[in-house]
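In what comes next, chain A is part of two complexes: it sits with chain B in the first one and with chain C in the second one.
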Partner chain A sequence: MPKRIDFMRSVLLGFLGLALFLGLWHGLSASGMVSPLFLPSPVEVLERFSTLLERRFAGATLPAHLAASFERFAYGFILAAAIGIPLGLLMGWFQILDEIVSPIFDGLRFIAPIAWVPFAALWFGTGIGGPIMIIFAGAFPPCVINAYRGAKFVDPRLIEAARMLGTPNHRVITEILLPASVPSIISGLRVSAGLGWQSLVGAELIVASTGVGYLMVMGQANVSTTTVMSGMIAIGLVGLALDTALRFAERMIQRRRGLEV
Partner chain B sequence: MPRRLTIGAATILTLVVLWFLVTSVLGLIAPGRFPSPQATIAALDHVLFRGYAGGTLVEHVVNSLRLVLLGFLVAIVTGVPLGLLMGWNRTAEALINPVFLIIRPIPPLAWIPLAILWLGLGDGAKIMVIWFAAFVPSVINAYAGVRTIEKPVLEAAAMLGTPKLRFIVEVLVPAASPMIFTGLRLSLQASWTTLVAAELVGAFYGLGRVLNVAQQDLYPGMILVGMIAVAILGWATTKGLGMLEARALSWNQAAALAGKG
Partner chain C sequence: MGVIRFDNVGRVFGAKSNPFVALKEIDLEVGDKEFVAIVGPSGCGKTTCLRLVAGFDFPSSGKVLVDEQPIRRPRPERAVVFQQFALFPWKTVHDNIELGLRNQSVAKAEREERINRILELMNLTAYAKHFPHQLSGGMQQRVAIARAYVLDPDVLLMDEPFGALDAQTRVVMQEELVRLARRNPRTVLFITHAVEEAVYLADRVAIMTRAPGRIKEVLDIRSIREAEDWDSYEKIEDVMDLESFVHLRTHIWRSLREEKAAATA
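Showing the complex of A and B:
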């Protein structure tokens, strides 16, 4: 019983917090203390968001911009996973590869993904290639690191047992090493998706001519704060959806493995 | 691990030789796409002594470093106490958490256009986006840190009637500090990424500005110099934080031991 009251209380307080936040925001912009050009009210932002769903701004509607962004993101993310995960696994299994690649990787890791923008633009242009490279730069390291950790920290007893039973090498890989590293890989993918999505936004702010980031830059250039805020909302929603989907996949895989064992 | 070190050094050396071979000797990569070692050194000399994009390398570095540290400090000072408060006080948690959950999915880079609209291209906008980038991990980890404190510790402190201020200084902060430091490391990385992005979008000084101007001038040597500078600064500040952490946490361990004795 007290637990239920506690729950109700925290829900109520949560709504109160949200109401306070929105009320303060609305109050600030309605009172005229802050120019609405500077801080539009939440209602105005929502109105703008819904018009952007249908009316074109910066060359396309908001859903079309989002689709362009998402296409880039998907390419960059898939490329990062397709190269990063095998590389990480191989580094975890073969010490010599680890020793050769790690110093290069450690050096590159400290370059912020966004710092690749000039070379990306120079090598692949500002259409789709450049932004894909930036997303790749953001999403690649977590794929490698988590696959590496997953491969490296497999319980040695499992491998020893398999060896003792005379399991051939390729079966040790497919039946022990690979499955054992899946959870770590999946959580790496979640981090990757977040960083990739954020890098995409950065890339689009700087070089692209479509996409949500571009929409926001144009909003900024036209001093349309509502457009900028609508873009932020859209980016936040897509990021949240991505994270939720991967979290769901993570849980499903864990559950299935739980059943198998 | 001398073997690891030798192989690492050999790898880096091989890479440098390869770099020299494909750019200068064999000319496999056009100088307009990727600079040769000589061109990179010439660019370094250019920015170090004659200045580029409005200042010398030292001036750009000082400016970027100053902004990162300022934004980072403001984020710590505001974020850590908020996280501690949310972890400690149920009411505060219930009140603030929903607002936080709504703002959190918006990546820090997406705040850049809004920051420029609000504060222009100067230092204020940079500090605002860095603050935002570093604020979220600071809050989350301080909050999680308090949550990891074992209940008996809190109950013992309450039973002994520890005054609030002493409770915060001697129980809450030390017990949460490992997690707080994890948060700070994430915050610092996010700060660098965000600053470079913000400076690429628009700035008067800084390493991002160097990258931006070099991209427009099609000056690959300078792009590489800018990227290396970003990487070195990111590495150095992370290292500095790590040293601070080792010192703070060793004190913590000593205190815990003294408490036991």
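Showing the complex of A and C:
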């Protein structure tokens, strides 16, 4: 079972890397060369992290802040996928739509999501609307681009085959373009989730009154570097979980298509 | 019905300033339920001819007619078997074959019945739930043929359908196609590089010149096949040994050789 051994090996190496990192960190803070305020030790951070799991800080416990963040993220991400994927596919199919949308889109997508903060706050407020817009700004472009690429590079013979089989024009999109683009769309969603989640925290640093980003700002205001780091860890863990979930979805789809993974 | 007629057809590709004449003055008629093979040097425009009948492409001059009607777009009545199969990789064998029937809104029960019948005919019953990439090249090509045949098309367009197969599989497929064509005759336009294949399968063989492609010569195979009773032989190699077969083959070879020589001269 070489596959299993490979898996064990990569898990072990992953843990080795983590252990080295923590060891280095711990060594540095224990050596007394840097003040604990400047770089708290991993043990302190872990303690703070577990305290925050139960005790409120900045109005809520860490899980409650995470839940608030995740809710915003989910809305923004789902909105981005629900609009971005169909738009990308349609742009790949209808030349005219491509020509109309592409110039605006190519300009807008170079504006960092965080740059939308002032307008997001102005237009949609700092409650849930503003942050959703910023997440959307981060998550939308990869959805569009990958669906577009997927649709554009479908083997033209498959489209001809579908037409010869009498598939009406609009159904070619659902029967051929969408399934043919699935691998590209999923990798787009992974990029999209990453960017959306990153933008969210950025947005919360500025415009929210709950969420992990907000928790971190308040930590900073209280000169609690351990709180800030706990927030960072939570962000990283959720991001990792998101990516793992999407990779799992990708594997499920490939398995449904009879591909060994 | 399914009469194909090329009426003085030309096809020019490229910019007006730098045109490339792919087809010139093509005249050819394929009768109802007739099997016509086109052979010709690479790049002479065989695929272009087939795409015009399929409705994937349109002539620059002249007309391509099916039952005296100009062709406007691809239709399931003119089913295509592609050289590289062009099966949908995310659909099972069953679902690949089903798409055309669903498009025609055939009821579920009838769909299943027709799919099962064609699967059986093509020896694919055990593979209905497989995905294309899980099949050998020969099986994939049988699925592609089944996908076209299940629609009961008037016209079957086949572009080097066996070109990607190894020699043994190819022979088996040729014999199977002959069986299918005898049982269920259709108008067939069949493109191939292989001279033996053309002579073995076709009622008539059209030989094309190198680009700009024209029809150089059309040979009547059917009258010879019937006179010499080729169909009484079960195996393709027995037919290929017959003097009448060898004679036709050599004739086509010479004709093609002339084109190649002219191309290099």
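The rule we apply is simple: the second predicted complex is superposed on the first by the 235 of 261 C-alpha atoms of A that agree within 3 Å, B and C clash if a C-alpha of one lies under 4 Å from a C-alpha of the other, contacts with A are read in each partner's own complex, and residues count from 1 in each chain.
Everything that follows uses one rule, which is that contacts are C-beta pairs under 8 Å (C-beta built on N, C-alpha and C of every residue); 3 or more make two chains touch, one makes a residue touch a chain.
Just so it is clear, the model here is predicted, and its values are computed rather than measured.
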Joint occupancy of chain A by chain B and chain C, clash or fit: fit
Contacts of A:Glu99 with chain B and chain C, given as first, second, both or neither: first
Touching partner for A:Phe248 - first (chain B), second (chain C), both, neither: neither
Touching partner for A:Asp155 - first (chain B), second (chain C), both, neither: second
First, second, both or neither for A:Pro168, with chain B first and chain C second: second
Angular separation of chain B and chain C about chain A, which is computed from CA centres of the superposed model and rounded to the nearest 10 °: 90
Touching partner for A:Gly202 - first (chain B), second (chain C), both, neither: first
Chain B versus chain C as contact partner of A:Ser10, first or second or both or neither: first
Touching partner for A:Gly231 - first (chain B), second (chain C), both, neither: first
Chain touching more of chain A, residue-wise (chain B, chain C): B
First (chain B), second (chain C), both or neither touched by A:Phe21: first
Per-pair minimum CA distance [chain C against chain B, superposed on A] in Å: 14
Of chain A, residues touching chain C in the complex: 155, 157-158, 160-168, 171, 175-176, 179-180, 182, 257-259
Chain A-touching residues of chain B, taken from the complex the two chains share: 3-4, 7-9, 11-12, 15, 32-34, 90-91, 93-99, 102-103, 105-114, 116-118, 192-193, 196-197, 200-201, 208, 211-212, 214-215, 218, 220, 223, 226-227, 230-232, 234-235, 238
Residues of chain A that touch chain B when the two form their complex: 6, 9-11, 13-18, 20-21, 38, 96, 99-104, 107-108, 110-119, 121-123, 194, 197-199, 201-202, 205-206, 213, 216-217, 219-220, 223, 225, 228-229, 231-233, 235-237, 239-240, 243
Complex contact set, residues of chain C against chain A: 54-56, 73-76, 78-80, 82, 84, 86-92, 99-100, 103-104, 130-131, 133-134, 147, 151
